[in-house]
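Labels run A, B and C following the written order; every chain starts at residue 1.
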Amino acid sequence: MPLDAQIESILFWKGEPMKVKKLAETLNVEVGVIEQGLESLAAKLAGRGVGLVRLEDEVSLGTSSESSELIAKLTKEELVKDLGKAGLETLTIILYKGPVKRSDIDYIRGVNSQFILRNLLIRGLIERVTNPSDERTFLYKPTFDLMSYLGVASLKDLPEYDSSIKALEEHLVTQTTNETTE
Amino acid sequence: MPLDAQIESILFWKGEPMKVKKLAETLNVEVGVIEQGLESLAAKLAGRGVGLVRLEDEVSLGTSSESSELIAKLTKEELVKDLGKAGLETLTIILYKGPVKRSDIDYIRGVNSQFILRNLLIRGLIERVTNPSDERTFLYKPTFDLMSYLGVASLKDLPEYDSSIKALEEHLVTQTTNETTE
Amino acid sequence: MEPFKIKTEQFEGPLDLLLNLIEKRKLHINDIALAKVTDDFITHLQQHQEYPMEQSAHFILIASTLLLIKSKSLLPTLELTEEESQSIEDLEKRLKEYQRIKELSVHIQKLFGVAPIYWKNPTKREPIFAPDASMTMDNLYETMKSVLLHLPQKKEKLPEAVVRQVISLEDMIEKLTDRVTSGLRMTFKEFSSEHKAEKVNVIVSFLAMLELVKNGLLKVDQQGTFDDIHMETEGQVGTPRYM
């Protein structure tokens, strides 16, 4: 059984996002080999009813976005589509800039984002992880459920993703130098 | 999107067997057409990690038989894995507050608990029952096995049961009232 | 310039309001645009006093930077400290970044919930009772205590510095009003030198002064480019209408 098929089996069985590293351990190969397997799997799934969704170091299988109307008819779960202005702004910052500190979100929006972040966390649209460069703070990043709502298989598929990442990073550099005066 | 891909999407999402007739209704075609689509899907899935399983008038997707060893290994791992902080936290809330809605657990923890609940269910630590006051939602409660493992005859035997419940309830009330203003 | 009519719209914060004002006038983000919308911004603040304490603190901080910009445009001789120039520069940068986020958020709005990807429903499995060594009564109780301890606070405490500045704004208006009603002829330099302890007071004095100017309570004249600004009352001075 080829590696891409093995990966497909595991992801199907799991039905949840899985770390690439975990796949490598399970299949007893290097991470690089898994990455190749994932590429090959993605190619084989092209045009099919199921596709590979990637977010940072995790992957998951999901229905292809062409079939969402079909599934929407079958599912009883109603998607809560209302984000509100604050939610929309905050999600945009996290999507195009994440993982991002709360202070950065507050700085860009000019208001305290505590409540809206909590709201988005509870809705499962974002997640909070410990900041690797400062253990006392957190970083906010998108979840697979957010990808699901947006119907994108990768952040790179978001409109203007590449150009905006660059623009925002330039801002961030100037901001970090200013931060010491705050 | 070709019919076989549409069928694949639906069966993938469903996660359990589905009647061929139901597929025909959903896709608004004759049963015979679905049968052709299934044949074509089976052909496309040959040699892959996921295959079509047929049982009388029902079909489902399942991991291919070559991967059964791999899956058995993962299943075992899942059961012995550490619950972790998030798992223990969720379990504690269900023990004290159960039967409890998922949204209440999410509010109390301030994060989404979807995957953790799934793991606790698989491990037989909690069970899911239909919410008597809202049939579309579920309530989570500790299993009998868990109670006897802990040696508690009743939830009231848990340390500081009354005061903890009171604090949780108060929080849930303020949460709900805040919610409407956001 | 005519004060811009602002619809009763819910703004997410001072930057949201400011951006809205600039975009309504079809201006690019720069100091000229900011000076132009300063009055609109202050007007909005006066008409919407219902913002909660913390919110209005953020608004007032931005307002003081705006008034600084406006003052500079009215009085080119006004020397800005490095910190003041920095705060002006910062405001422009933040606005530009916020504007970019707003543009991008249009994409997100269009995508959200339209063609979702669905995950696989969990396949039914017979549960196998598999407890974990961490599941002891002690641990469960400790975990409950920690859960209760970490229940989110209803309101986050307002940073003290912010509160102090808000309060000083009101003080300053009161003091300035007292001074001018006594018909005293004074210069802005004298007035602000009484409070040189804190830079923010200078801004706030300006704010108060400009506010009074706008309400027609004061006449400001500047004799020469490098002269001080003279302030004097024009007839009867009432309490500034800050309600």
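Convention: a contact is a pair of C-beta atoms (placed from the backbone, for glycine too) under 8 Å apart; a residue touches a chain by one contact, two chains touch by 3 or more.
Predicted model only: the values in this text are computed from it and were never measured.
S.K.: Find me the chain with the mean Cα position closest to the mean of all the protein Cα atoms on display.
M.R.: The most central chain here turns out to be A.
S.K.: Report back the single chain whose CA centre is most distant from the CA centre of subunit C.
M.R.: Max centre-to-centre separation from subunit C belongs to B.
S.K.: Which pair wins on C-beta contacts, A-C or B-C?
M.R.: Counting C-beta pairs in contact for A-C and B-C gives the edge to A-C.
S.K.: Distance from the CA centroid of subunit A to that of subunit B, rounded to the nearest Å?
M.R.: Centres of subunit A and subunit B (C-alpha means) sit 21 Å apart.
S.K.: Rounded to the nearest whole Å, what is the centre-to-centre distance of subunit A and subunit C, using the mean of the C-alpha atoms as each centre?
M.R.: Between these chains, centre-to-centre, one finds 32 Å.
S.K.: Counting only Cα atoms for the centres, state how far subunit B is from subunit C in Å.
M.R.: Centre separation, subunit B to subunit C: 46 Å.
S.K.: In subunit B, what residues contact two or more other chains?
M.R.: Within subunit B, residues 9, 12-15, 110, 118, 178 contact more than one other chain.
S.K.: Mind pulling the subunit C residues that touch 2 or more other chains?
M.R.: 118-123, 152
S.K.: Okay, in this complex, where on subunit C does subunit A touch?
M.R.: 10, 12-16, 54-55, 58, 62, 83, 86, 90, 93-94, 96-98, 100-102, 104-105, 107-109, 111-123, 152, 156
S.K.: What part of subunit B is in contact with subunit A in the complex they form?
M.R.: 1-2, 4-10, 12-15, 26-27, 44, 47-50, 61, 63-64, 66-67, 70-71, 73-74, 103, 106-107, 110-112, 114-115, 118, 136, 178, 182
S.K.: Which residues of subunit B touch subunit C once you look at their complex with the stated criterion?
M.R.: Per the stated touch rule, the residues are 9, 12-16, 79-80, 82-83, 87-89, 91-93, 95-96, 108-110, 118, 121-125, 127, 143, 145-146, 149-152, 158-160, 164, 167-168, 171, 174, 178.
S.K.: Where on subunit C does subunit B make contact in their complex?
M.R.: Touching subunit B from subunit C are residues 118-125, 127-132, 134-135, 137, 139-141, 143-144, 146-148, 150-152, 154.
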